[in-house]
Amino acid sequence: MTGFHLGTDKRATLDEAAALVPSGATVALGGGLCARLPMALVRALVRADRNELHVVGSAHSIDVDLLIAAGAVGVCEESYVGFEQDLGLAPAYRRAAETGAVAVRESCCVTVLTQLRAAEMGLSFLPVRGVKGTDMEALHPEYRRVRCPFTGDELVAVPPLAPDVALLHAPIGDAAGNLHLDQPYVLDERFAHASRMVVTTVDRLVPTSEVVAAGVTIPGHTVAAVVEAPFGAHPASCYPGYAYDRPHLAGYIAAAAAGGSQLASYLDRYVHAGEDAYRAEIDVARLTSWSTCDTAWQELFR
Amino acid sequence: MSWTLDEWFVVALARTIGDGEVVFHGFASPCAQVAMHVAKRTHAPGSLLVEGATYAVDPVPVFVPPTSNDLALHRDATYRMRFEEFFDAACRGAIDRMFLSGGQIDGYGNTNVTAIGGLPHPKIKLGGGGGGCNISATIGALTVWTTRHRSGRTLVRHVDFLTDIGHRTPEGDRAELGYPGRGPEWLVTELGLFDFVDGHARLRVLFPDVTLADVDAATGFELRVELVDGLLPPPTAAELEAVRAVDPLGVRRSEFGPDELRRTFP
Amino acid sequence: MSWTLDEWFVVALARTIGDGEVVFHGFASPCAQVAMHVAKRTHAPGSLLVEGATYAVDPVPVFVPPTSNDLALHRDATYRMRFEEFFDAACRGAIDRMFLSGGQIDGYGNTNVTAIGGLPHPKIKLGGGGGGCNISATIGALTVWTTRHRSGRTLVRHVDFLTDIGHRTPEGDRAELGYPGRGPEWLVTELGLFDFVDGHARLRVLFPDVTLADVDAATGFELRVELVDGLLPPPTAAELEAVRAVDPLGVRRSEFGPDELRRTFP
Amino acid sequence: MTGFHLGTDKRATLDEAAALVPSGATVALGGGLCARLPMALVRALVRADRNELHVVGSAHSIDVDLLIAAGAVGVCEESYVGFEQDLGLAPAYRRAAETGAVAVRESCCVTVLTQLRAAEMGLSFLPVRGVKGTDMEALHPEYRRVRCPFTGDELVAVPPLAPDVALLHAPIGDAAGNLHLDQPYVLDERFAHASRMVVTTVDRLVPTSEVVAAGVTIPGHTVAAVVEAPFGAHPASCYPGYAYDRPHLAGYIAAAAAGGSQLASYLDRYVHAGEDAYRAEIDVARLTSWSTCDTAWQELFR
């Protein structure tokens, strides 16, 4: 990011937040795998009918897959999209990659990190140690080689990656956009500093003092808009609030794999109906039961 | 005492960890994940575990959930690395061992976790490689595994897409590429155990219900064989107990087809 | 209402800060440090202050201690940047203004904070430049100041050691060096105020008790002069109140010789 | 650092800690200016008669100056050594630089940071944006130029900096070396990860649970030895324990500026007499009074 976002009140609606993300934008998605994904913002972008987004990040799941399922993505530059051994391959991503509907520029966590760091450090390139010898380089004609002036070794040079916007979700944040996250932060910190702006949801908008007491992970001066969106990461987890919603995810995967009317009906029910309707469908008691005892927690994954 | 193949398999992975090693597994790797905790609770109490996508150091989870970035995996960890802190450590050689799997694995231990049929026109788009592309070059040693050897489609002569580095790529071997990591040390499959000699996999042990002909039929790369005794002893009671205690949900089983899950020993 | 030179000087520095700017001062810079807080409390409430060696954002210290890495300077800050977070922001151009001083300053605004007489054989080894060498290249604009103009040894034709970048170095100007920062915008001394035109300092205002001959005698670089009225109005009551409230210990005074401290106005 | 330091009990004496730092070692000094300096370790190195140390870091004061005054330093690669406007130039550093007794390789905070990052990232070089056009490059013949493969710009390339040892001080830590620090961390985190080992003092050695509750800033696996040394940063501050000891610093500066017998008597009284004698000289009531009220705090600086 060049240029901090000053101001003390950045509260916005989901629609206003989505308006900051035009079609074609390079979008960094916060969180990782099925944790702390900015799902309410993802749903808002689908409702706003965005397309040709260039999504970048590390290991992701329903955030990327849902955007692809809805036709919002042009280029996918993540290091992984899927549901691990639990629920398997990402159906929409897989289909779009196989049909060519989305350009797959799969990357590596370290390469993405290094490119973000280049942007963050104001450098026009950085080297990575690996990549050479793999097929990743052929997938990225934008990479170059550079010779180390000390060892003479040839290294892969990667350009800076400054996303147009980083979409994050946090359990708590204040009106100025100061956010507290629990670890793992994944790439959220790097996204915040490397991107032109952060657009964020929070489960709870709280006074600054509460964020300070918990610890400010992402400073407000990186944030352009903050939206209070309870269960904004659902069906991903956002502890300590709520755990991974396995039945919902399985339902999504079945719908996305089937495509057609099944996918359309998932989108109608869970996306186009809006966030109030969405929240009404969440089994809150179940997803918050993880904290009662380890047995209850385990039951969420059976 | 009897045990299942998935239990023995996890124990075989665990035994590739030396006591005092710093060990990491990636996401989507339940067998490796369980194996790390089994090693720590049995023969390698002095190892340091970096818990997958949480980067928590030496946690003691009460159960292993089927998703790798979950708070359940942090339990009792004194410290959680930052994302960049872990990957920097991996890139500078401070991590001794990583577990790697792949949709395809060649005889040099190169793996494809990107796409069957390659890119840009994949037959099957796999999930992707996470950070393996870079850190397979620099981490001390790799334990490679697959639970799909018998399919005949996993151990192949050439990977369709080279995601993670084994001992030798078309651009050269590790020395030529300037990669300090020692590369794949073990390849564990549901049929048997390979080590690597001169940068190529070599079959050392068969599980007792597997024949050399089974392996030969299932292996696409040149099969080098030098069987030895004693490299894959049955799980001890302590090891089995650790597997069951670490993984009460049986997430390790999600890596195996139904036929493999029916294999019991002795 | 009367005021001292050190108070007016700090106000002059403060006025170089625009409302809405992101501003930083280094250590060993009490005048700049006080000036930032004065600006925030008067004409630039929308500025964002990064408090010197603590990297605290918008703190409200009850007093300014004479050492820059002190907890007293964090007071009420919502956030403290990490060291690398600040310097990265400075290197990528996210910081709008920095205050820089120097044992020597040339007409292009290059500064020497390393050694009088240069290195490796210094006549006087100064403390050193902190991070200025790199970030003077990339920060939006620089306010350069000295309280030792009258000595005749500070504003020099050539710096003995070029620590921080002004508008032009022997290797080229900012465009030729590839430096995105706009460089020195103001040079404030205890004698008067300079701006920069075509990359060179130009005297615009004298303090009322200073003559052009004073400045001429004290300036080693080619003295360009284009005096204007109204660029250095007396401190307002609000500004003076802010100076005194921010700096009850008078740390700003440590930058001035005893003769300068005796100067009072009007 | 390549290779973590495993083990759960790394407690050591100051002498044992000093034994890990041989003459000629490259030593990173933690903290910054007059805060959280590893002074008890500095004093132990002087007692152990080390010489030809190569000290590296950002902005420092009595830590570096005392080592130089005692003849322990061969090369000084800090970005600043001094006592700001409060107490002025660093007397021993200044004299040693002017006589040539110490090789001055002054650096810049960003350059040092970048070199540490190169070590931390396992890279054989990294570029910096600035430095070009300054006289810093002539001072560092080890730097090279590298051409950005994307822009064609020529940048300054710097080699990795992996100190042999990072000397840190923390308010609290446990036997495994897990340390909690308050901000600013200065370069302590980067030193810990880039150096071959951390050797640290703590004001209080506490149970792991207390460090975890406060937050682990430096993980034990970077630490080779931890020494309980109350007031181990004195005369620098280590909040929340104690503030900057201005009278002591002024006394040191007078002694160091005078040199000869005055310096020798400072060293005898405050260094060679050992830490127990040192602590007995500290005006504990005064230095801990900062927390009683702002007026008392201000009084410490008058």
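Here the chain labels run A, B, C and D in written order, and each chain numbers its own residues starting at 1.
Note that in this section contacts are C-beta pairs under 8 Å (C-beta built on N, C-alpha and C of every residue); 3 or more make two chains touch, one makes a residue touch a chain.
Remember, predicted model here, so these are calculated numbers, not experimental data.
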Mutual neighbours - chains that touch chain B and chain D alike: A
Set of chains adjacent to chain A and to chain B: D
Most distant chain from chain B, judged by the mean position of its C-alpha atoms: C
Interface with more contacting C-beta pairs, comparing A-C to C-D: C-D
Inter-centroid spacing, chain D versus chain A (mean Cα positions, whole Å): 39
Computed distance of Cα centres, chain C from chain B, in Å: 58
Between chain C and chain D, centroid-to-centroid distance (C-alpha), Å: 27
Junction residues of chain A, two or more chains touched: 121-123, 129, 151, 153
Multi-partner residues of chain C (at least 2 other chains): 91, 138
Listing of all chain pairs that touch each other, if any do: A-B, A-C, A-D, B-D, C-D
Residues of chain A touching chain C in the complex: 1-4, 6-7, 119-123, 176, 178, 193, 208, 211-212, 216, 219-221
Complex contact set, residues of chain C against chain A: 20, 22, 46, 48, 57, 78-79, 81, 85, 88-89, 91-94, 138
In the complex with chain B, residue positions of chain A that touch it: 31-35, 58-59, 78-82, 84-86, 89-90, 93-94, 97-98, 100, 103-104, 106, 108-111, 113, 117, 128-136, 139, 151, 153-154, 182-187, 189-190, 237, 239-240, 243-244, 246, 290, 294, 297-298, 301-302
Complex interface listing, chain A residues touching chain D: 121-127, 129, 144-146, 148-151, 153, 155, 157, 159, 215
Of all residues in chain C, those that touch chain D in their complex: 27-30, 53-56, 62-63, 65-72, 74, 80, 82-84, 87, 90-91, 114-115, 118-138, 161-165, 169-172, 177-179, 248-249, 251, 254-255
